[in-house]
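The structure under discussion is supplied below as structure tokens; questions concerning it will follow.
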Amino acid sequence: MVNLEDLKKEAKTVLEEGKVKYIIGYEKSANGLMPVPGFIKSPEEVEKLIWTPACVYNLTKFLVDEKRRKSREKKPDERPVGLVVKGCDSRALVVLLQEKFINRDDVFIIGVSCEETGVIDEKKLIKKLKGKKAEKIEFDEKDNFIVTTQEGKVKIAASEVLAERCLECKANSPVIYDVLLGEKAKRSVDNPFQSLEKIESLPERERWKFWKEQLSKCIRCYACRSVCPMCYCDECVADTINFAVTADTTAEEKAQKIKWLEKSPVKSENFVYHLVRAIHLAGRCIDCGECERVCPLDIPIRFLNKKLEKDAKELFDYEAGFDPEQPSLVSSFKDEDPEDFIR
Amino acid sequence: MAEEFEPKIVAFLCKWCSSAGSDLAGVSRMEYPPNVVPIQVMCSGSVSPLYVLSAFNKGADGVLVSGCHPGDCHYIKGNFYARRRIALVKRLLDFIGLEPQRFQMSWVSAAEGTKYTQIIKDFVQELKPLGPQTKLRRDL
Amino acid sequence: MKDNTYIPKLAKIIQIKEEVGGARPIKTFRTQFIQDNNFSFKCGQCAMLSVFGKGESMISISSTPLIKDYLQFSILKMGRVTSSLHEMQEGDIIGIRGPYGNGFPMEKWKGKNLIFIGGGIGLAPIWSVLHTALEKKEEYGDSMLIYGARTSKDIVFKQELAELRKKMKVHLSVDVEEPGWEEFIGFVPLNVLEIKPSPKNSVAVTCGPPIMIKFVIQNLKALGFEDEQIYTTVENKMKCGIGKCGRCNIGLHYVCKDGPVYSWAELKNLPQEY
Amino acid sequence: MEKVLDKKSFPQWVKKLSSYTVYAPVQEDEVWNYEVITNPEQVNLDFPNTVLSPKKIIFPQREVYLEFSASNEDGLEVKEVLPEEEPSVIFGVRPCDARALTLTDKVFGGDFEDIYYWKRRNQVALVGLACHTPPSPNCFCLSVDGSPFSKEGLDVLMSDLGSKYFVEAFSKKGEQLINPAKTLFKPPTEKDKKELDKNRTEAKKRISRQIQNIKKIPPKLKGMFDSSLWDEESMSCLRCGICTYLCPTCHCFDINDEIFSSSPLSGKRIRTWDNCQFPDFTMHSSGHNPRQGKASRLRQRIMHKFQYFVERYKNYQCTGCGRCISRCPVGIDIIEVLDKVSSYEG
């Protein structure tokens, strides 16, 4: 099991030695169960760090901010940023490395292993506790979590409250790291696409009905885009000013830029947004499931990415986020790629 | 009686092969249905999935992406990239419940005027029973 | 039921004049409403122009309210809407809604000398108040215009400026030296220092790029102008024009409704970057 | 008007309102939202906080202003589009959400009345449900001049008394809702009233979250424009639109022309919600953006709610529903931010 004190010790050491600028980790929040992303700048602050099954966030997202901030600084601090990553998060890092969005030297990776479990789905936990307010959740030996409520501690089987993504996880311990905490466990998952197949197996009409209902709910808050570590483009087709305008951009360029989708949150425009999002993540999404977690309307967005992940595996034997040296899915090909669908 | 439904097909044709193939069909006076809105692109590999989605969004009943045969790409390997990308888009559109017949890809060389006309004929025939594409069409 | 302020009135473009060419072109449009309506406005107010299918853009009215036949707008080609406007022909239809904003407090300025200081397209809002003051000469003291642009080619209202010289003092400048230019060379704020307008019984009105305004104000202060004697206009991204859509605020002020005209006494207390 | 209504009779009351479009909270999976009800039996008033407030009915995310099309010759046809006449009633409005509408009323009223807003607002009757227990763990209405049984903005307020509802009507609109079903309602007994008082005292106690020293926050904020607090508090912000889209008081919007066809021209001018947390919200056409970083956007959100709005309208632009806290993807908590504002020195 990951020992929190070890984590703090590692963090403290690198901060004291000045090896890192600061550390992005999980920090206890004043408001109970769920932690918040923490930015630890001094050795004294490492006491704020925590590691619990509620550490859901994929903190690699904050490397995007860090990179932008750094690019604005005249004399940037060139030291790496310390980053706490779970297995899935580390795969996101691999993709960012593969795309050369970041350099390996930019980040000091503190890997934490989820071992046999993973992180919770807060909604599942609330349901499970039937109104009792969880104050704390901890890893336990084996496949259990210990939850503290006002009425005391209860033991819950992890599988009952784990996030869907964790039930289908391909990397429960980090695939890349500078230090690793916890066991390098590899839990075997029978079928990482099990949940997806429920939808795949529906007839076409039902699939359409499902997605029509789901995507019509979207209010385009763009939280799914904002939380995704791969959504780092400066310009996004979804924005009204859909490219990085500078003082040098001519009026013609601005005027001629195509509005690919309208701001109205109606079915057709929501489909363009979500499908483009999914396709842009093909071969890049590592199924951290954050997009789905943050959706206020509970749209199962993850399935769109999952579908592409499955197809990439089936058609091209491609898996994202394990090898920073592999070429990206859509900028590579093999002679034997299937073409039975082509006329 | 209502007029028979005439599907509108947006065809992204690569400049070097498929577009030339369609020109050949034209200059050879081969007959084929007038349902196509051809859009010449430099290479099938330059067709962004966004173009495809946008075509459906703006009312296409069917979308065709057509490029050179493998090995014939003017840019050596553009059509191989296209093959991968289109395969993924095709599966995704199928997954959300769009009729799979509505999105097609073909290899048509500059010499294959006949093949081009046949592809369009078949496409139109397949689209007719489906009726207008309303699923992804703009509903502002 | 009250008027629906979001619905623009249709107007025909009756005249288009190219003021400035090149990469940052400016054109002046005169428009006439297709149906009579009681569009009345104050100097310094703006109107929301529509190019249907492209959107809306807030533009200051550069004609004087004393002219009832047409509205005039001088527009820099900048984005989607203004580019479409630049492509339009005489006879084309646009939409106009408004007027919006507070306008210049001209009543308060009666009897005073008016010093207009403009840069680039910033002459447009000044043009309206300047001509109004000119028409009502007896109500105001001496007027003076200090205006500059990047180059002589970027100067707007060239012919009109020549005419204007007959009626008031006009000081022109260009930012960098160029052959044949006989007036001041350098930025507008420096020209202000050169000309040294007297603060005595005066009001200075300055419009132009934010950086110019900043230094003009600094220099006016150096010449002895009080904060209350300096007026300027502010611009920000706007959509509704009526203080509801929430994007143009500086502190608690909505520029579209509470602005765009502010005295420096008001503006200096507001955040500089908002 | 004070009445009591047997819980069992509630569906019958809804049935009597057949001339109205009836909205009520509806559950889909784990998500509750106000939707149109077709079957009165469907109305379930035992619900946690909805994801979106009833704002979405009165100030819908998408509102068509006008339609335009090229007409023959060189003409252009522009047609005003107004919301349909549709007398409606919303059941289960939380007092905080109703109060929020009294705040958006101020924004959409004033010198330029917003016809779209008022057409919808005037034809909707709001039937509130007092919060016997807080519908969200992050409720803090008491800190922002609200209460779990506030009647502000409501036409009717229903309070749960176990087997019955205590029903109060405060407006003509409210009485008109009760009148067609008069026989279902009974006058309250002294015991009912006592129980109501007791419930209300208890309800207040159940709200655990509060903002410290809220009165001091608006003047404090005035001097905090350039504070480094905004940088620190916005470090984890993702610049998504959840906090503001879900907020019952946020009213910012965008106006865009959306077209079906560019030749011949046809399309609509549409208002959609917009959001001060999106980077392009304030971006000028020139590319200049006065609100560059996310710190300035968080500052705008807090300042707008607790300083600018207070100065302009004498109210906090927040009614304590807690949605922004519960749904923030990274746990940014407006109460904590305000507490830090309170204790900020320097």
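Letters are used for the chains, namely A, B, C and D, taken in the order the chains are written, and counting of residues starts over at 1 for each.
Quick note on the criterion: contacts are C-beta pairs under 8 Å (C-beta built on N, C-alpha and C of every residue); 3 or more make two chains touch, one makes a residue touch a chain.
Everything quoted here is computed from the prediction, not taken from an experiment.
Set side by side, the interfaces A-C and B-D show unequal numbers of C-beta pairs in contact, with more at A-C. When you average the Cα atoms of each chain and compare centres, the chain farthest from chain D turns out to be B.
Chain centres here are Cα means. That of chain B falls 47 Å from that of chain D. Rounded to whole angstrom units, the spacing between the C-alpha centres of chain C and chain D is 39.
A separation of 35 Å divides the Cα centre of chain A from that of chain B. The set of chain B residues that touch two or more partner chains comprises 138, 140. Across the assembly, chain A contributes residues 254, 262, 264, 266 that each touch 2 or more other chains. Counting partners per residue, chain D has 254, 256, 258, 267, 270, 283, 285-286 as the residues that reach two or more other chains. Interface note: chains touch in the pairs A-B, A-C, A-D, B-D, C-D. Chain C meets chain D in the complex at residues 1-2, 4-8, 10, 50, 52-57, 78-80, 82, 91-93, 95, 235-237, 239-240, 242-249, 251-252, 257, 271, 273-274. Interface residues of chain A, counted against chain C in their complex, comprise 250-252, 254-255.
Taken in their complex, chain C has these residues touching chain A: 23, 77-80, 82-84, 86. Chain D meets chain A in the complex at residues 29-31, 51-52, 61-62, 137-138, 235-236, 238-242, 245-246, 254, 256, 258, 270, 272-273, 275, 278, 280, 283, 285-288, 325, 327, 329-333, 335-336. Of all the residues in chain D, the ones that touch chain B in their complex are 258, 260, 267-268, 270.
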